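Chain naming follows the written order as A, B, C and D, and within any one chain the residues start at number 1.
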Amino acid sequence: MSRWICEGSLDLNQLLKETEDPASGALVIFSGTVRNEHEGEPVRAITYEAHVTLAERVLHEVEEEVLARFDVRQCRIQHRIGTLPLGELSVIVVVRAAHRAPAFEAARYAIDELKKRAPIWKEEHYETGESRYLEGFPLKMREES
Amino acid sequence: MSRWICEGSLDLNQLLKETEDPASGALVIFSGTVRNEHEGEPVRAITYEAHVTLAERVLHEVEEEVLARFDVRQCRIQHRIGTLPLGELSVIVVVRAAHRAPAFEAARYAIDELKKRAPIWKEEHYETGESRYLEGFPLKMREES
Amino acid sequence: MRVRVIFYGGLKNDVGAKEQELQFDRKTLTVAQLKEGLIARYPGLRLKLPSVVCAVGDEIVDEDHLIGDGDEVALLPPVSGG
Amino acid sequence: MRVRVIFYGGLKNDVGAKEQELQFDRKTLTVAQLKEGLIARYPGLRLKLPSVVCAVGDEIVDEDHLIGDGDEVALLPPVSGG
(Lines give C-alpha, C1' and ligand atoms only; values in the text may rest on other atoms or scores of the structure.)
Protein backbone atom coordinates (compact mmCIF):
# COMPACT_ATOMS: atom_id res chain seq x y z
CA MET A 1 0.00 0.00 0.00
CA SER A 2 1.55 3.24 -1.16
CA ARG A 3 0.43 6.81 -0.75
CA TRP A 4 -1.30 6.73 -4.16
CA ILE A 5 -1.98 3.15 -5.25
CA CYS A 6 -3.57 0.70 -2.80
CA GLU A 7 -4.29 -3.01 -3.00
CA GLY A 8 -6.63 -2.96 0.00
CA SER A 9 -9.79 -0.94 0.62
CA LEU A 10 -9.38 2.81 0.40
CA ASP A 11 -9.76 4.48 3.79
CA LEU A 12 -11.53 7.82 3.49
CA ASN A 13 -11.41 8.49 7.23
CA GLN A 14 -7.65 8.05 7.25
CA LEU A 15 -7.27 10.47 4.33
CA LEU A 16 -9.47 13.00 6.12
CA LYS A 17 -7.31 12.69 9.22
CA GLU A 18 -4.11 13.09 7.20
CA THR A 19 -5.41 16.27 5.55
CA GLU A 20 -6.84 17.95 8.66
CA ASP A 21 -6.10 21.66 8.39
CA PRO A 22 -7.40 24.43 10.64
CA ALA A 23 -6.95 27.03 7.88
CA SER A 24 -9.33 25.20 5.53
CA GLY A 25 -13.06 25.91 5.67
CA ALA A 26 -14.09 23.82 2.66
CA LEU A 27 -13.67 20.11 2.01
CA VAL A 28 -14.58 18.50 -1.31
CA ILE A 29 -14.32 14.76 -1.82
CA PHE A 30 -14.78 12.85 -5.04
CA SER A 31 -14.99 9.11 -5.02
CA GLY A 32 -15.63 6.60 -7.77
CA THR A 33 -17.58 3.48 -6.85
CA VAL A 34 -18.21 0.27 -8.75
CA ARG A 35 -21.68 0.52 -10.28
CA ASN A 36 -23.97 -2.28 -11.29
CA GLU A 37 -24.26 -1.58 -14.99
CA HIS A 38 -22.41 -0.21 -17.98
CA GLU A 39 -24.31 0.75 -21.12
CA GLY A 40 -27.14 -1.55 -20.13
CA GLU A 41 -25.03 -4.58 -19.25
CA PRO A 42 -25.24 -5.76 -15.64
CA VAL A 43 -21.82 -5.55 -13.99
CA ARG A 44 -20.81 -7.66 -10.99
CA ALA A 45 -17.23 -6.45 -10.38
CA ILE A 46 -14.36 -4.46 -11.85
CA THR A 47 -10.67 -5.32 -11.90
CA TYR A 48 -8.29 -2.35 -11.88
CA GLU A 49 -4.72 -2.82 -13.04
CA ALA A 50 -1.99 -0.17 -12.87
CA HIS A 51 1.56 0.38 -13.98
CA VAL A 52 2.18 1.06 -10.32
CA THR A 53 5.38 3.14 -10.30
CA LEU A 54 4.30 5.29 -13.23
CA ALA A 55 0.78 5.71 -11.83
CA GLU A 56 2.23 6.82 -8.51
CA ARG A 57 4.30 9.42 -10.30
CA VAL A 58 1.34 10.69 -12.32
CA LEU A 59 -0.95 10.95 -9.28
CA HIS A 60 1.77 12.77 -7.38
CA GLU A 61 2.18 15.17 -10.30
CA VAL A 62 -1.56 15.83 -10.44
CA GLU A 63 -1.60 16.56 -6.69
CA GLU A 64 1.23 19.05 -7.15
CA GLU A 65 -0.48 20.68 -10.13
CA VAL A 66 -3.67 21.09 -8.13
CA LEU A 67 -1.79 22.81 -5.30
CA ALA A 68 -0.04 25.09 -7.80
CA ARG A 69 -3.02 26.01 -10.00
CA PHE A 70 -5.87 26.38 -7.53
CA ASP A 71 -6.20 28.28 -4.28
CA VAL A 72 -6.37 25.10 -2.23
CA ARG A 73 -4.34 23.88 0.73
CA GLN A 74 -4.53 20.08 0.58
CA CYS A 75 -4.93 17.58 -2.25
CA ARG A 76 -4.66 13.81 -1.97
CA ILE A 77 -5.47 11.19 -4.58
CA GLN A 78 -5.67 7.43 -4.02
CA HIS A 79 -6.60 4.72 -6.49
CA ARG A 80 -7.27 1.11 -5.70
CA ILE A 81 -6.13 -1.86 -7.77
CA GLY A 82 -7.38 -5.45 -7.83
CA THR A 83 -10.88 -6.85 -8.20
CA LEU A 84 -13.61 -4.77 -6.56
CA PRO A 85 -17.21 -5.86 -5.95
CA LEU A 86 -20.16 -3.51 -6.44
CA GLY A 87 -20.18 -0.37 -4.33
CA GLU A 88 -16.47 -0.46 -3.42
CA LEU A 89 -14.47 2.75 -3.72
CA SER A 90 -12.07 2.68 -6.68
CA VAL A 91 -10.64 6.18 -6.28
CA ILE A 92 -10.73 9.00 -3.74
CA VAL A 93 -9.81 12.65 -4.28
CA VAL A 94 -9.71 14.86 -1.17
CA VAL A 95 -9.28 18.63 -1.49
CA ARG A 96 -9.30 21.18 1.31
CA ALA A 97 -9.28 24.94 0.78
CA ALA A 98 -10.13 28.13 2.60
CA HIS A 99 -13.18 28.55 0.35
CA ARG A 100 -15.44 26.26 -1.60
CA ALA A 101 -15.18 27.48 -5.20
CA PRO A 102 -11.53 26.49 -5.76
CA ALA A 103 -12.07 23.28 -3.77
CA PHE A 104 -14.78 22.15 -6.21
CA GLU A 105 -12.73 23.16 -9.26
CA ALA A 106 -9.60 21.45 -7.97
CA ALA A 107 -11.35 18.17 -7.17
CA ARG A 108 -12.90 18.14 -10.62
CA TYR A 109 -9.54 18.87 -12.24
CA ALA A 110 -7.84 16.09 -10.26
CA ILE A 111 -10.26 13.35 -11.27
CA ASP A 112 -10.41 14.54 -14.89
CA GLU A 113 -6.60 14.48 -15.16
CA LEU A 114 -6.37 11.11 -13.43
CA LYS A 115 -8.76 9.63 -15.98
CA LYS A 116 -6.71 11.01 -18.88
CA ARG A 117 -3.19 10.46 -17.59
CA ALA A 118 -2.90 7.71 -14.97
CA PRO A 119 -1.76 4.36 -16.40
CA ILE A 120 -4.66 2.42 -14.91
CA TRP A 121 -6.99 0.01 -16.73
CA LYS A 122 -10.47 -1.17 -15.91
CA GLU A 123 -11.77 -4.62 -16.79
CA GLU A 124 -15.50 -5.02 -16.24
CA HIS A 125 -16.91 -8.39 -15.24
CA TYR A 126 -20.51 -8.88 -16.31
CA GLU A 127 -23.30 -10.96 -14.86
CA THR A 128 -23.10 -13.04 -18.05
CA GLY A 129 -19.65 -14.28 -16.99
CA GLU A 130 -17.91 -12.28 -19.73
CA SER A 131 -15.29 -9.63 -19.06
CA ARG A 132 -14.14 -6.68 -21.10
CA TYR A 133 -11.53 -3.95 -21.01
CA LEU A 134 -13.11 -0.60 -21.71
CA GLU A 135 -12.07 1.88 -24.36
CA GLY A 136 -9.97 4.59 -22.78
CA PHE A 137 -7.87 7.69 -23.27
CA PRO A 138 -4.63 7.25 -25.25
CA LEU A 139 -1.68 8.40 -23.15
CA LYS A 140 0.46 11.27 -24.44
CA MET A 141 4.06 10.56 -25.45
CA ARG A 142 5.30 13.54 -23.55
CA GLU A 143 3.75 15.22 -20.55
CA GLU A 144 2.31 18.60 -21.46
CA SER A 145 2.53 21.25 -18.82
CA MET B 1 -31.14 15.14 15.95
CA SER B 2 -33.21 15.32 12.81
CA ARG B 3 -32.49 14.24 9.27
CA TRP B 4 -31.29 17.76 8.38
CA ILE B 5 -30.37 19.71 11.51
CA CYS B 6 -28.15 18.11 14.15
CA GLU B 7 -27.03 19.23 17.59
CA GLY B 8 -24.29 16.61 17.83
CA SER B 9 -21.34 15.94 15.53
CA LEU B 10 -22.20 15.24 11.92
CA ASP B 11 -21.53 11.63 10.96
CA LEU B 12 -20.23 11.38 7.40
CA ASN B 13 -19.87 7.61 7.56
CA GLN B 14 -23.50 7.23 8.56
CA LEU B 15 -24.60 9.45 5.68
CA LEU B 16 -22.49 7.42 3.27
CA LYS B 17 -24.10 4.22 4.54
CA GLU B 18 -27.59 5.70 4.22
CA THR B 19 -26.95 6.72 0.60
CA GLU B 20 -25.29 3.51 -0.60
CA ASP B 21 -26.50 2.83 -4.11
CA PRO B 22 -25.21 0.18 -6.52
CA ALA B 23 -26.39 2.20 -9.55
CA SER B 24 -24.18 5.18 -8.63
CA GLY B 25 -20.59 5.32 -9.84
CA ALA B 26 -19.77 8.83 -8.60
CA LEU B 27 -19.83 10.25 -5.10
CA VAL B 28 -19.24 13.94 -4.38
CA ILE B 29 -19.13 15.24 -0.84
CA PHE B 30 -18.93 18.85 0.26
CA SER B 31 -18.28 19.72 3.86
CA GLY B 32 -17.77 23.01 5.62
CA THR B 33 -15.33 23.06 8.52
CA VAL B 34 -14.63 25.72 11.14
CA ARG B 35 -11.49 27.56 10.05
CA ASN B 36 -9.06 29.45 12.21
CA GLU B 37 -9.41 32.92 10.73
CA HIS B 38 -11.84 35.26 9.03
CA GLU B 39 -10.57 38.30 7.18
CA GLY B 40 -7.38 38.22 9.18
CA GLU B 41 -8.98 37.80 12.61
CA PRO B 42 -8.08 34.61 14.48
CA VAL B 43 -11.21 32.55 15.13
CA ARG B 44 -11.49 30.04 17.95
CA ALA B 45 -15.06 28.72 17.45
CA ILE B 46 -18.33 29.32 15.63
CA THR B 47 -21.86 29.12 16.99
CA TYR B 48 -24.54 28.14 14.48
CA GLU B 49 -28.16 28.92 15.22
CA ALA B 50 -31.12 27.82 13.09
CA HIS B 51 -34.84 28.33 12.87
CA VAL B 52 -34.99 24.57 13.07
CA THR B 53 -38.35 23.69 11.55
CA LEU B 54 -38.01 26.15 8.69
CA ALA B 55 -34.39 25.14 8.07
CA GLU B 56 -35.44 21.50 7.89
CA ARG B 57 -38.05 22.39 5.32
CA VAL B 58 -35.60 24.41 3.23
CA LEU B 59 -32.91 21.70 3.28
CA HIS B 60 -35.51 19.12 2.33
CA GLU B 61 -36.65 21.35 -0.55
CA VAL B 62 -33.08 21.79 -1.77
CA GLU B 63 -32.56 18.01 -1.71
CA GLU B 64 -35.72 17.54 -3.77
CA GLU B 65 -34.68 20.27 -6.23
CA VAL B 66 -31.29 18.62 -6.68
CA LEU B 67 -32.92 15.29 -7.47
CA ALA B 68 -35.28 16.96 -9.95
CA ARG B 69 -32.79 19.24 -11.72
CA PHE B 70 -29.67 17.11 -11.99
CA ASP B 71 -29.10 13.58 -13.19
CA VAL B 72 -28.24 12.33 -9.72
CA ARG B 73 -29.64 9.50 -7.60
CA GLN B 74 -29.02 10.55 -4.00
CA CYS B 75 -28.75 13.90 -2.24
CA ARG B 76 -28.51 14.45 1.49
CA ILE B 77 -27.80 17.67 3.36
CA GLN B 78 -27.08 18.01 7.07
CA HIS B 79 -26.21 21.13 9.04
CA ARG B 80 -25.01 21.25 12.59
CA ILE B 81 -26.09 23.80 15.20
CA GLY B 82 -24.45 24.81 18.47
CA THR B 83 -20.91 25.93 19.22
CA LEU B 84 -18.22 24.20 17.14
CA PRO B 85 -14.47 24.30 17.79
CA LEU B 86 -11.92 24.60 14.98
CA GLY B 87 -11.95 21.86 12.39
CA GLU B 88 -15.45 20.55 13.21
CA LEU B 89 -17.83 19.85 10.34
CA SER B 90 -20.63 22.44 10.15
CA VAL B 91 -22.38 21.07 7.07
CA ILE B 92 -22.26 18.00 4.85
CA VAL B 93 -23.67 17.56 1.36
CA VAL B 94 -23.57 14.04 -0.12
CA VAL B 95 -24.48 13.44 -3.75
CA ARG B 96 -24.35 10.15 -5.63
CA ALA B 97 -24.91 9.82 -9.37
CA ALA B 98 -24.20 7.43 -12.19
CA HIS B 99 -21.57 9.86 -13.53
CA ARG B 100 -19.38 12.55 -12.05
CA ALA B 101 -20.32 15.71 -13.97
CA PRO B 102 -23.86 16.05 -12.57
CA ALA B 103 -22.66 14.92 -9.13
CA PHE B 104 -20.23 17.87 -8.95
CA GLU B 105 -22.81 20.33 -10.26
CA ALA B 106 -25.49 19.10 -7.89
CA ALA B 107 -23.26 19.29 -4.80
CA ARG B 108 -22.24 22.82 -5.74
CA TYR B 109 -25.87 23.81 -6.27
CA ALA B 110 -26.92 22.32 -2.92
CA ILE B 111 -24.36 24.21 -0.85
CA ASP B 112 -24.91 27.46 -2.78
CA GLU B 113 -28.67 27.27 -2.22
CA LEU B 114 -28.24 26.34 1.44
CA LYS B 115 -26.10 29.42 1.97
CA LYS B 116 -28.72 31.67 0.36
CA ARG B 117 -31.92 30.12 1.67
CA ALA B 118 -31.47 28.16 4.91
CA PRO B 119 -32.42 30.16 8.04
CA ILE B 120 -29.11 29.53 9.78
CA TRP B 121 -26.83 32.12 11.39
CA LYS B 122 -23.15 32.03 12.19
CA GLU B 123 -21.61 33.83 15.14
CA GLU B 124 -17.82 33.85 15.08
CA HIS B 125 -15.90 33.82 18.33
CA TYR B 126 -12.47 35.41 18.05
CA GLU B 127 -9.26 34.82 19.95
CA THR B 128 -9.70 38.34 21.34
CA GLY B 129 -12.77 37.19 23.26
CA GLU B 130 -15.13 39.15 21.02
CA SER B 131 -17.92 37.59 18.99
CA ARG B 132 -19.69 38.75 15.86
CA TYR B 133 -22.57 37.71 13.65
CA LEU B 134 -21.52 37.80 10.02
CA GLU B 135 -23.24 39.68 7.23
CA GLY B 136 -25.38 37.27 5.25
CA PHE B 137 -27.87 36.80 2.45
CA PRO B 138 -31.31 38.40 2.95
CA LEU B 139 -34.01 35.74 2.70
CA LYS B 140 -36.64 36.07 -0.01
CA MET B 141 -40.24 36.78 0.98
CA ARG B 142 -41.53 34.10 -1.32
CA GLU B 143 -39.74 31.05 -2.60
CA GLU B 144 -38.87 31.39 -6.27
CA SER B 145 -39.03 28.23 -8.27
CA MET C 1 -53.49 41.94 20.64
CA ARG C 2 -50.50 40.03 21.84
CA VAL C 3 -47.59 38.70 19.73
CA ARG C 4 -44.59 36.63 20.72
CA VAL C 5 -41.57 37.77 18.71
CA ILE C 6 -38.45 35.60 18.40
CA PHE C 7 -35.22 37.28 17.35
CA TYR C 8 -32.75 35.21 15.34
CA GLY C 9 -29.09 35.80 14.61
CA GLY C 10 -27.63 39.17 15.53
CA LEU C 11 -31.08 40.69 16.15
CA LYS C 12 -31.18 39.24 19.65
CA ASN C 13 -28.12 41.31 20.54
CA ASP C 14 -29.81 44.48 19.24
CA VAL C 15 -32.92 43.78 21.31
CA GLY C 16 -31.19 42.26 24.31
CA ALA C 17 -33.44 39.20 24.31
CA LYS C 18 -34.09 36.10 22.24
CA GLU C 19 -37.86 36.43 22.67
CA GLN C 20 -40.31 39.20 23.60
CA GLU C 21 -44.03 39.14 24.33
CA LEU C 22 -45.46 42.36 22.86
CA GLN C 23 -48.89 44.03 23.20
CA PHE C 24 -50.39 46.06 20.36
CA ASP C 25 -53.50 48.24 20.75
CA ARG C 26 -54.95 47.18 17.42
CA LYS C 27 -57.53 44.77 16.11
CA THR C 28 -55.42 43.73 13.09
CA LEU C 29 -51.68 43.72 12.65
CA THR C 30 -49.74 43.16 9.45
CA VAL C 31 -46.08 42.17 9.34
CA ALA C 32 -45.25 45.70 8.12
CA GLN C 33 -47.10 47.17 11.11
CA LEU C 34 -45.32 44.79 13.48
CA LYS C 35 -41.98 46.00 12.10
CA GLU C 36 -43.03 49.64 12.67
CA GLY C 37 -43.99 48.80 16.23
CA LEU C 38 -40.64 47.10 16.78
CA ILE C 39 -38.73 50.13 15.48
CA ALA C 40 -40.69 52.34 17.90
CA ARG C 41 -39.59 50.11 20.79
CA TYR C 42 -36.07 49.32 19.52
CA PRO C 43 -34.74 52.16 17.34
CA GLY C 44 -31.55 50.18 16.71
CA LEU C 45 -33.57 47.85 14.47
CA ARG C 46 -34.50 50.62 11.97
CA LEU C 47 -31.66 49.96 9.52
CA LYS C 48 -31.87 46.20 9.87
CA LEU C 49 -35.56 45.42 9.51
CA PRO C 50 -35.78 46.12 5.75
CA SER C 51 -33.65 43.01 5.15
CA VAL C 52 -35.44 40.94 7.80
CA VAL C 53 -38.08 38.40 6.77
CA CYS C 54 -40.76 37.09 9.11
CA ALA C 55 -42.03 33.56 9.59
CA VAL C 56 -45.14 32.37 11.36
CA GLY C 57 -44.80 28.70 12.21
CA ASP C 58 -42.48 27.43 9.51
CA GLU C 59 -43.94 29.60 6.76
CA ILE C 60 -42.24 32.75 5.54
CA VAL C 61 -44.88 35.47 5.27
CA ASP C 62 -45.23 38.71 3.28
CA GLU C 63 -45.22 42.25 4.61
CA ASP C 64 -49.02 42.38 4.29
CA HIS C 65 -49.65 39.09 6.07
CA LEU C 66 -52.14 39.46 8.92
CA ILE C 67 -50.71 38.27 12.21
CA GLY C 68 -53.15 36.48 14.49
CA ASP C 69 -53.63 37.21 18.17
CA GLY C 70 -51.19 35.03 20.11
CA ASP C 71 -49.07 34.20 17.05
CA GLU C 72 -45.38 33.51 17.37
CA VAL C 73 -43.47 35.53 14.78
CA ALA C 74 -39.85 34.71 13.97
CA LEU C 75 -37.63 37.57 12.74
CA LEU C 76 -35.05 36.21 10.31
CA PRO C 77 -32.15 38.49 9.42
CA PRO C 78 -29.84 37.75 6.45
CA VAL C 79 -28.57 34.18 6.74
CA SER C 80 -24.99 32.88 6.99
CA GLY C 81 -25.13 29.11 7.29
CA GLY C 82 -22.73 26.69 5.64
CA MET D 1 19.26 -8.07 -28.43
CA ARG D 2 16.76 -9.12 -25.85
CA VAL D 3 13.77 -7.14 -24.58
CA ARG D 4 11.25 -7.98 -21.90
CA VAL D 5 7.84 -6.65 -22.95
CA ILE D 6 5.01 -6.21 -20.43
CA PHE D 7 1.48 -5.96 -21.76
CA TYR D 8 -0.99 -3.84 -19.81
CA GLY D 9 -4.76 -3.69 -19.94
CA GLY D 10 -6.47 -5.51 -22.80
CA LEU D 11 -3.18 -6.06 -24.66
CA LYS D 12 -2.39 -9.10 -22.54
CA ASN D 13 -5.53 -10.80 -23.87
CA ASP D 14 -4.46 -10.06 -27.46
CA VAL D 15 -1.02 -11.54 -26.85
CA GLY D 16 -2.07 -14.30 -24.48
CA ALA D 17 0.52 -13.34 -21.89
CA LYS D 18 1.24 -10.57 -19.42
CA GLU D 19 4.97 -10.61 -20.25
CA GLN D 20 7.13 -11.87 -23.10
CA GLU D 21 10.89 -12.12 -23.46
CA LEU D 22 11.66 -11.25 -27.09
CA GLN D 23 14.86 -11.56 -29.19
CA PHE D 24 15.66 -9.08 -31.98
CA ASP D 25 18.50 -9.61 -34.50
CA ARG D 26 19.55 -5.97 -34.36
CA LYS D 27 22.21 -3.86 -32.70
CA THR D 28 19.84 -0.97 -32.02
CA LEU D 29 16.10 -0.98 -31.54
CA THR D 30 13.76 2.03 -31.34
CA VAL D 31 10.31 1.94 -29.84
CA ALA D 32 8.85 2.20 -33.36
CA GLN D 33 10.93 -0.81 -34.47
CA LEU D 34 9.85 -2.76 -31.41
CA LYS D 35 6.21 -2.10 -32.32
CA GLU D 36 6.86 -3.34 -35.89
CA GLY D 37 8.44 -6.48 -34.49
CA LEU D 38 5.46 -7.03 -32.21
CA ILE D 39 3.00 -6.70 -35.11
CA ALA D 40 5.00 -9.30 -37.05
CA ARG D 41 4.63 -11.71 -34.12
CA TYR D 42 1.08 -10.71 -33.05
CA PRO D 43 -0.89 -9.40 -36.06
CA GLY D 44 -3.88 -8.72 -33.77
CA LEU D 45 -1.93 -5.78 -32.34
CA ARG D 46 -1.72 -3.91 -35.65
CA LEU D 47 -4.78 -1.71 -35.09
CA LYS D 48 -4.04 -1.17 -31.43
CA LEU D 49 -0.37 -0.21 -31.33
CA PRO D 50 -0.79 3.30 -32.82
CA SER D 51 -2.58 4.35 -29.61
CA VAL D 52 -0.17 2.46 -27.34
CA VAL D 53 2.57 4.34 -25.51
CA CYS D 54 5.71 2.69 -24.16
CA ALA D 55 7.47 3.16 -20.86
CA VAL D 56 10.94 2.11 -19.81
CA GLY D 57 11.20 2.08 -16.04
CA ASP D 58 8.68 4.72 -15.00
CA GLU D 59 9.43 7.05 -17.90
CA ILE D 60 7.18 7.29 -20.94
CA VAL D 61 9.40 7.24 -24.04
CA ASP D 62 9.01 8.49 -27.62
CA GLU D 63 8.76 6.38 -30.76
CA ASP D 64 12.41 7.12 -31.56
CA HIS D 65 13.73 6.21 -28.10
CA LEU D 66 16.55 3.66 -28.26
CA ILE D 67 15.78 0.58 -26.22
CA GLY D 68 18.75 -0.92 -24.39
CA ASP D 69 19.67 -4.60 -24.38
CA GLY D 70 17.84 -6.26 -21.50
CA ASP D 71 15.41 -3.36 -21.01
CA GLU D 72 11.93 -3.94 -19.71
CA VAL D 73 9.41 -2.12 -21.90
CA ALA D 74 5.85 -1.57 -20.72
CA LEU D 75 3.13 -1.29 -23.37
CA LEU D 76 0.42 1.08 -22.17
CA PRO D 77 -2.86 1.09 -24.11
CA PRO D 78 -5.48 3.84 -23.66
CA VAL D 79 -6.22 4.22 -19.96
CA SER D 80 -9.53 3.86 -18.12
CA GLY D 81 -8.90 4.47 -14.42
CA GLY D 82 -11.18 6.31 -12.08
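Assume a residue touches a chain if its C-beta (ideal position, glycine included) is under 8 Å from a C-beta of that chain, and two chains touch if they have at least 3 such contacts.
The structure presented is a predicted model; accordingly, all values stated were derived computationally and were not measured.
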item	value
Touch-network distance, chain B to chain D, counted in steps	2
Rounded Å distance between chain B and chain C, as computed from the means of their C-alpha atoms	26
Distance from the mean Cα position of chain C to that of chain A, given in whole angstrom	50
Centre distance in Å when chain C and chain D are each reduced to the mean of their C-alpha atoms	76
Residues of chain A touching at least two other chains	32, 111
Multi-partner residues of chain D (at least 2 other chains)	none
Touch relationships between chains, expressed as pairs	A-B, A-D, B-C
Chain D residues within the chain A interface of the complex	8-10, 13, 51-53, 55, 57-58, 60-63, 74, 76-82
Chain D-facing residues of chain A, complex	32, 48-51, 53-57, 79, 90-91, 111, 114-123, 133-143
Touching residues on chain A, where the partner in the complex is chain B	12-13, 16, 20, 22-37, 86-87, 89, 96, 98, 100, 103-104, 107-108, 111
